[in-house]
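Inspection log for the structure reproduced underneath, given as structure tokens.
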Amino acid sequence: MATKRRSPIPGFRLTLGFTLFYLGLLVLFPLALLVAKSASGGWGAFWRAVTSPRALASLRFTVLTSVAAALINVVFGFVLAWVLARYRFPGKRIVDAIVDLPLALPTAVAGVALATVYSDNGWVGSRLAPLGIHLAFAWPGVVIALVFVGLPFLVRTVQPVIEELDPAVEEAAITLGASRAQAFARVVLPALAPALRAGFAAALARALGEYGSVVFIAGNMPMKTEISSLLIMTKLDQYDYAGAASIGVVMLALSLVVLVVIHASRTSSEKLRALA
Amino acid sequence: MSFEVHGLEKRFGSYVALDGVSLRVAKGELVALLGPSGCGKTTLLRVLAGLETADSGTVLFDGVDVTRTPPASRNVGLVFQHYALFEHMTVFENVAFGLRVRGASKARVAERVRELLAHVRLEGFASRLPSQLSGGQRQRIALARALAAEPRVLLLDEPFGALDARVRQELRVWLRRLHADAGVTTVLVTHDREDAFEVADRVAVMNAGRLEQVGKPVDVFHDPASAWVMRFLGDVNEFPVRSERGSSVVGYVRPHEIELSRSGTDVASLAAKIRRVHSAGASVRIEFEADAASAPLVAELDERTFQSLKLSAGDDVFLLPRRVRVFDRHA
Amino acid sequence: MSGVLDGRTTPETAARSRAVGRSEDIVRVALIAVGVGFLGVVVVLPIAAVLVEAFSDGVPAYFRAIAEPDTLAALRLTIGTAALVVPVNVVFGLAAGWAIGKFDFRGKTLLTSLIELPFAVSPVISGLIFVLAIGPRSALGGWLREHGVRVIFAWPGIALVTAFVTFAYVAREVITVMESTGRDKEEAAVVLGASGWQTFWHVTLPSVRWGLLYGVILCNARAMGEFGAVSVVSGHVRGQTNTLPLHVEALYEDYRFSAAFAVSSLLVGLAVVTLVAKVSLEAKTRAKGKVQS
């Protein structure tokens, strides 16, 4: 990393030096140790830790609930983004601000709050329990928590794209003889697809690693409702550091893959917008 | 202050911004660097300010080598193309900046800023923010800021570029007067030949990193050093002529240096047919087709001559170039 | 789509477009109801529950819960951690912004991606990597313990993981603003004779102040609210290594629900203050953008 030419503005070495030092010390060094630790027992130990029935069950549970939550957010987050971008209604500014609340609210508070509302003796749970519907301490509760934390990612990815979408395009489709539904399906939706994919991936990435809002409502039963983050926590409590590191590496790899997908679809949606 | 540069070279990757530029500017002179965009004129200005370092060559201020002197120690005044005013500071603070960073006393700063604001005729604007000023006012504040610390040389990057035609004309006159009053050595960069010719003592025409020609506006306009300069400085007709040695070369003629007649009396005259007449302007422009020239030719006549000749489209006429230029080098 | 397009509207077409308008109204109202209703059930209802349950044992009980020594200790630890971590990340953000925003160098894109890397690391893994790096079983942790320094399961560990999870909040905003403002102003300052420090302090810092503040607000909210990562490295000792979010968990696990919600309400307050500050800053920068364009 060297300047191509001497700049008249001073301070390059100092600021870049500090940036690299702090980045290396706080981020790169500990992350490298994680990878090293997971490999410390050899490939066999890594594979055993990751493919143990309990680890596999937690990974499956984490991925399935995360995907379910992200899909729910694609539907309802899209509606919310559309409403905020296209319509005017009383209280819109407050609604718009509340969308960010899950990002600003500490996850532990979200966790106890969701558990309170959706557990069998909670505000909503107590009305559903007599019908035989149990949300908390089962997978639906986990999905609700992941929907909660993922919602802003979807809305904030899709909303600006809808705002930039020229309503004249829709009107053009209608003047060409398309119905409202056809115009939406053939013109609007394809234009928003990259943003929806990116929003889905962002919500998914967040859900895969979520901990605080889930543990209070999940019940945390091994093999059933145990998320991978909690399994890592349990392994740490048992001083199984290599096992924890192995699952950690898999989780990290998963979220990095999802983020690379985000990046790919983001650039393609930017290309689309640049063309428009 | 006088300054000179010798053999400046500067590349950005494969792009050659300066290709052996040497120039000497006398104390109190106002020189315009004139050229199309990408010709290297702004790079030359930035090398003078110390914002770029040339790959090779030297910069001398009053005979002292400042090639490696950082910008903060050069004491030059630079007006950026988009002014680069500090948007969060008032007009007063903007103008005061160069004095304050040099540790000038409060009283001295207040006095000098007042003086400069009077000079640029913006006395009442001291507490405004730059965002509350018009384009021309921002320009003048940028100038006042650059002049505050009494720079040894004033550098202006496209000073009229972002302004509309009327403000532009006013500012040219004003800048000329300012220069006459302050007498500071000034270099201005422009792509507009009217800016250069109207304001500058001397014009340095730049093309592809080289100085094509340096001279007084009148000399540069009437005696261009190359076909490139000829073309860059205005409309020009090109047609084949016989050189003194008898070979066929390209002759260059300005539209206003062509006379017209109904009959071909002179040996040098050229038969042509009028295609179009544009008479809505200060002079009358006439387009011709001629067998001898591949491209259409253009002549400019004053209104009275045009009336007396009673010309209209479709007429056959003879063109008599009053002055034909021939260049060895064809750019 | 209004019913009247021009003066030649026949009764027939007017009726048709009225019908279209009515069906569009229905769609609009339905979509608003679905979107806002969903937000209400998923987000607003649980937060309302926190505030209501916090007072379920009465107002005096609410204040008793907050005035408990353990709660006050947790509050002190949380504020102290943020007071340490946020300034450090501000210094880092400004340094990174200056280097990336004002200079060209090879590997700039890579560096920007690496700075955002902590955003991709989930809370528990963030804690995990510090346990592995400086925990009791690591070489470094062993050495530190021999010299009587406790990092993991003590406040320095909490500060470290908090610095990690909030690493890029300030840097991201500052880099974006510094890149977009370009270098003209700094060059102008330098030509006018300013030193590097004068240029930074009088020209650059004021021009990034809103972006910086925005980053600080988000960084602070995360620093005070982080749960998973801190949970891994905290020893969970009440009154000592429990931050406010960890204290909420401890109270909740003791079935002291109203106390847990009372403490939670403090964090809800933090979130609301954060959002109000964020929205007003966004309005401010938008208005400023309009003036300048």
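Should a chain be cited, it is by its letter among A, B and C, assigned in written order, with residues numbered from 1 in that chain.
Everything below uses one rule, namely that a residue touches a chain if its C-beta (ideal position, glycine included) is under 8 Å from a C-beta of that chain, and two chains touch if they have at least 3 such contacts.
Note that the structure is a prediction, hence the values are computed from the model and not measured.
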item	value
Farthest-lying chain, centroid of Cα atoms versus that of chain A	B
Chain nearest the global centroid, as defined over all protein CA atoms shown	C
Rounded Å distance between chain A and chain C, as computed from the means of their C-alpha atoms	15
Distance from chain C to chain B - Cα centre to Cα centre, in angstrom	52
Distance between the centres, which are taken as Cα means, of chain B and chain A, whole angstrom	57
Of all residues in chain C, the ones touching two or more other chains	187, 190-191, 195
Sites on chain B at which at least two other chains make contact	50-51, 70-71
For chain A, residues contacting two or more additional chains	5, 8
Chain B to chain A touching residues, read off their complex	12, 50-53, 70-71
Interface residues, chain A side, partner chain B - complex	5-6, 8
Chain C-touching residues of chain A, taken from the complex the two chains share	1-5, 7-12, 14-16, 18-20, 22-23, 26-31, 33-34, 37, 76, 79-80, 82-84, 87, 89, 93, 95, 97-102, 104-114, 116-117, 122-124, 144, 147-148, 151, 180, 205, 208-212, 216, 229-230, 232-233, 236, 239, 241, 244-245, 248, 251-252, 255-256, 259
Of chain C, residues touching chain B in the complex	184-185, 187-195, 198, 202-203, 206-207, 209, 291-292
Chain A partner contacts - residues on chain C that touch it in the complex	24, 28, 31-32, 34-36, 38-39, 41-47, 49-50, 53, 91-92, 94-96, 98-100, 102-108, 111, 114-115, 117-118, 120-125, 128-133, 135, 137-138, 160, 163-164, 167, 183, 186-187, 190-191, 195-196, 199-200, 221, 224-228, 231-232, 244-246, 248-249, 252, 257, 260-261, 264, 267-268, 270-272, 274-276, 278-279
